[in-house]
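Here come two complexes built around chain A, the first alongside chain B, the second alongside chain C.
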Partner chain A sequence: MNVPDSNNSTKMPRKASRKGALEEASSGEIRNANKDSRSKVRAFLDFVKQLPVGSTLILGILVFFAICAPLLAPHDPIRPVEGIYTYTPAAWKDGGSWAQWLGTDFLGRDVWSRIIYGARVSVIVGLTGTAAAGAIGMVMGVVAGYFGGWVDAFIMRVVDAWLAIPTLVLAILLSMTLGASMWNIVLILGVVYWTRYARILRGEVLTLRERDFVKLAEVAGAGRIRIITRHIIPNVFNTWMVLASLTVGVVIVAEASLSFLGVGVPAPQPAWGSMLNDARAQLLTGRWWLMAAPAVAIGLTVLGANLFGDWLRVKLDPQQRNL
Partner chain B sequence: MFGIYIQRRKVIRAYFLRRLVYSAITLFVLATTIFGLVRLTGDPAILLTPEGATELERVQIREDLGLNDALPVQFARFIREVVTLDFGTSFHLGQSVTSVYFDRLPNSILLVTVAMAFSLALGIPAGIISAVYNGRWMDFAAKGLALTGMSIPGFVMALTMMFFFSVKFSWLPTFGIGTWKHLVMPGIALGWYFAASTLRLVRSTMLDVLSSDYVKLARLKGMTEQRVIMRHAFANVLIPLISLTGVNFVVMINAATIVEVIFVWPGLGSLLLEAVGERDFPLVQGIVVMSGTLIIITNFLIDLFYAWVDPRIRLTR
Partner chain C sequence: MSDASHEQIAQAETLKNAKTLVVNDLVKHFPAGRSGFGVKANKQWVKAVDGVSFDIAPGETLGLVGESGCGKSTIAKLILRLEDPTSGSIKFEGREITDLKGDQLKDYRRSVQAVFQDPYSSLSPRMRVHDIVAEGLRIHTDYSKSDVRTRVNDVLALAGLSPDVGRLYPHEFSGGQRQRIAIAKALVLDTKMLILDEAVSALDVSIRAQIITLLKDLQQDLGIAYLYIGHDLATVGHLSDRVMVMYLGRVLELDDSIELVRNPKHPYTEALFAAALPSNPDHIGDTSEQPNAEVPTALAPPTGCHFHPRCQQSMEHCSTHFPQEVKLTGGRRISCHLYPGD
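Entry: the complex of A and B
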């Protein structure tokens, strides 16, 4: 018992002093900036400091890839590399070249460039798909909770029915109806994943509706729309954010699954799910990197999103309800 | 006192009836949704006729399949099918939907049982250890397991295992159905995510219970730690665990689709996907409604189970 304690006591001050030195150095730099922006910079730095390192790094790199894809990708992701018509091996294999370090796919397209461009699909679909689901869920949940009665009963039965249909099949049916395109996928994922928001936000609104400030606003003659927008929605917004952060990973996986099954983002556009499907047959020929690259990309992205979601939940939902 | 008891029974009966009506409405919404959705996807006659078939042949096929009837007529027929649980004949297989469904159901149940066993065998002990050694390295290991389980999608897991266990070491068959060896990879790929969710539930419930007063009392009166954990703490995990397992079991039958496709497992998921691709309206409707009914019944039973075991539960709403 004693040993780790003494260890700690020698370690702690050293750590603290190192941190202190860092803070001094950074505040010294800031002092040179003008006084108005100083507190803003300080506030920003404080905000950055508390972010979780791992997930912020993963998501940061991902967003950087997505935004700067044309600058980072060495080749066109849709057209074959000049003079290559089919598979070429990765750089560390015989006949591989560092110009296409992950090799090329069955059409001779550079895999690394396709991975970089694939980040765009994941980021865009992950964020907008979550937002679409959140928007539908917010409207449904607030309407059900606030108006109650048969409106509430009906919306909740739709939620129950939605939960009883396999999500993947629902998504595939919708994508066959609307036609496959990236924005249709966003819409489809919104229509598929709104139920969780609706169910939980409805519960919150049910208790909010009984609170004094809402009753007083009603007595004061505020309209329903005003009460919902000024009193209800701001009070469920934290919960909404937590739910959204936990949904991003699910939505990214769903998009990858749809692309994997060939009903997601349509063909020439690079998406990690469809790259995995293309690489599936190549397992037997030993070109494992074709599969490993999109697999690692998907895994890391979802890991980053989940870690960030967990962090946000602890931060915004201190009671740690199991949302 | 007796009066309260009778009142409670009345409340439970009212609750039971309301839930029953709710379940029926849910089933109706589900059936209507799937009826409309499959018809929006397009014309099955195009897929059922050979290329270069005349319009006349297609009209004939539509007539044979009853697709030329007005939508309300088709809908009435469909509702009668739902009530009698007889969904007619599959467009592209030519067999009765019910018999195809019950042919495939045992395969699905087998796969799901294995996946469930795997997820419980991994999730429960890891969850208990994680809660008991809260904050120590074993807890971190368990948390890491939960995080990877939530983050690595089943189909990525499936392909990774396929590469290592079938291609590289050739320990296990790549796909198909037959011996127990065929079950290992699909079972793990499917159970993986649910192991993580079981772990999380066991861990959080255990942590709540372990900090409660009666666990402290049990320790104070000299009960061994092992008995405290198993008799007092774990007993409390059982109720939420049973309901989670019940829900997961049915959800898994649906979630298995992509795993079944990868491992060419002849279950309901791959059948449903095939039916969707062929625009086989009766087959899609049949599978979705029958599996959906299972889910609705399970949810109904779980609600009742909760009302029965936990008298504090709010029966209004």
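Entry: the complex of A and C
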């Protein structure tokens, strides 16, 4: 439903080519190195072709902005543009130019440059915050599922308690206690969002633990650490990836919310959430574009992340459509 | 002859007579029923294995048959130390293994391996075949990369696979090939006993024959003891030197497989043979010996002889007394009131 058409149209040939490779391999033919590398290139092209166009484009541009911000931004994002103190986009003025096409904020800083730099915060916090939550959730879920017993009961009760606390309230509380900085926000978001991973991964591990290959690993003399790292984690990794891709959007919104409330990324570092807050006063005086710019940026990013997550979910495991 | 050589001969004799595995009065009870928040109200026990004794000699195959739920797989798990027994002893090469821990347990795991029924569940889908087979070496030895490769290729060859398969993933193989990989994995260390828990039950008939032949050849070459668990009498009888028949956690009959197949004495064994389909449909025999009811639950087994409600020849005291096991002439062990012993 949310998956772009491009996915459907490229599905058939991709499947066919993969099946071909399989038959080739199972016939026991030894492929030489040259053929091997060529098929790797082909596999990569196949992979690129089946990516969903819309979400990949949005996320690609976002990451491009984040990496190349100093090259792309026309102005310094934290200093007022020299000689200009205006809210109106320059292009709208008589004889105006495209120099500050989204206008300048209440301190005279170029909004477009701040949007570009703001992508950095969203990308970094979005990815590392998700990874932090994923890391905590993975450890908790795998430990609970694998060891079972009172360890499992304890961790799952903690998860239940955690889910009873409103996430944003907990995040605000932690942020005010720890002090606002970008890396603190990453940590906080990790601590707030680990429960969703822990629950689902625990369930996966419970079924994996009963699979014969895990028992055979034990029979072979593998210790707990080896079983967890070699047999359990690789087999829950797909699920972890899907969960992560669906969490990115949530984490980005959470970061923007914290920044909007003034307990997120501290000023003057440009973040979309704090730009929204800065523009709030201007909205009353009718300067809506100052608020529209970061709002559209956040909306598009989350849309892109969620579409990508949906696509990944269906691709990695069609049975988890209701995750 | 000198004393020394006498001693050597005596030693060799005891080694020859030494059993690989000796199981004595093994019991495993599983708790059943509800137990929540420490309140263990009317706790019930499933007597999965209830006083089982047998032994396996080096290079011998002991077949273990019985209907599902009779405790066959529990015995496998107990020997593999995946479960701990409630009581009884398991001696492997003279050493008690039920209380092994840590390094001693790890050492035991070098010599006893298993092949399970479902070849789709027994290989990790995220590991290459080479890594699956090599795992035992990586756990127990400090072989170099090339030594590991050589050994893995050797056992793959033993199992009838080419070394090329090492870099493939399990999903690229058929069920029979997967079972060959599982066998290679089980042989990679100095395996002395192999537990084959329904190892061919999930395979096509033609592939089943191949795997059985492979197992027989391997046993001849390597002298490994097999515990072969199955419900298919034809396969078990074909592969085993001796066959043990189990019912609801107890051994009913045990003898050389040829003897047992030719002349089943226990009514349950007879019924099992009568229920098996002959190779020619015209030869379907007398079906009157089929057991007349479903298998009772192990949670509440029938009193007396567990088999008496289904037994065609049950007598009055069958429902009150469990028959003592007797040894008939020729060495057959049997638990049935029809054979009261001497």
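In this section, the second predicted complex is superposed on the first by the 270 of 323 C-alpha atoms of A that agree within 3 Å, B and C clash if a C-alpha of one lies under 4 Å from a C-alpha of the other, contacts with A are read in each partner's own complex, and residues count from 1 in each chain.
Here is the rule we use: a residue touches a chain if its C-beta (ideal position, glycine included) is under 8 Å from a C-beta of that chain, and two chains touch if they have at least 3 such contacts.
Quantities reported herein were computed from a predicted structural model and do not represent experimental measurements.
Contacts of A:211 after superposition on the shared chain: chain C is touched, whereas chain B is not.
The partner that reaches more residues of chain A, of the two candidates chain B and chain C, is B. When the shared chain is aligned, chain B comes close enough to touch A:261, but chain C does not.
Residue contacts after overlaying the shared chain place A:173 against chain B, while chain C stays out of touching range. In the superposed pair of complexes, A:40 makes contact with neither chain B nor chain C.
In the superposed pair of complexes, A:230 makes contact with chain C only, with no contact to chain B. By the document's definition of touching, of the two partners only chain B reaches A:303; chain C does not. In the superposition on chain A, contact of A:163 is made with chain B only, not with chain C.
When both complexes are overlaid on chain A, the residue A:222 reaches chain C alone and has no touch with chain B.
Within the complex formed with chain B, the chain A residues making contact are 153, 157-158, 160-170, 172-174, 176-177, 206, 249, 253, 256-257, 260-261, 276, 280, 283-284, 286, 288, 291, 295, 298-299, 302-303, 306-307, 320, 322.
The touching residues of chain C, when paired with chain A in their complex, are 80, 82, 106, 109-110, 112-114, 116-118, 121-127, 135-136, 139-140, 162, 164-165, 168, 172-173, 182, 185. Note for the complex: chain A touches chain C at residues 22, 25-26, 28, 30, 211-213, 215-223, 226, 230-231, 234-235, 237. For chain B in complex with chain A, the touching residues are 22, 25-27, 29-30, 33-34, 37-38, 40-42, 147-148, 150-153, 155-156, 159-160, 162-163, 167, 201, 204, 254-255, 257-258, 261-262, 269, 272-273, 276, 284, 288, 291-292, 295-296, 299, 317.
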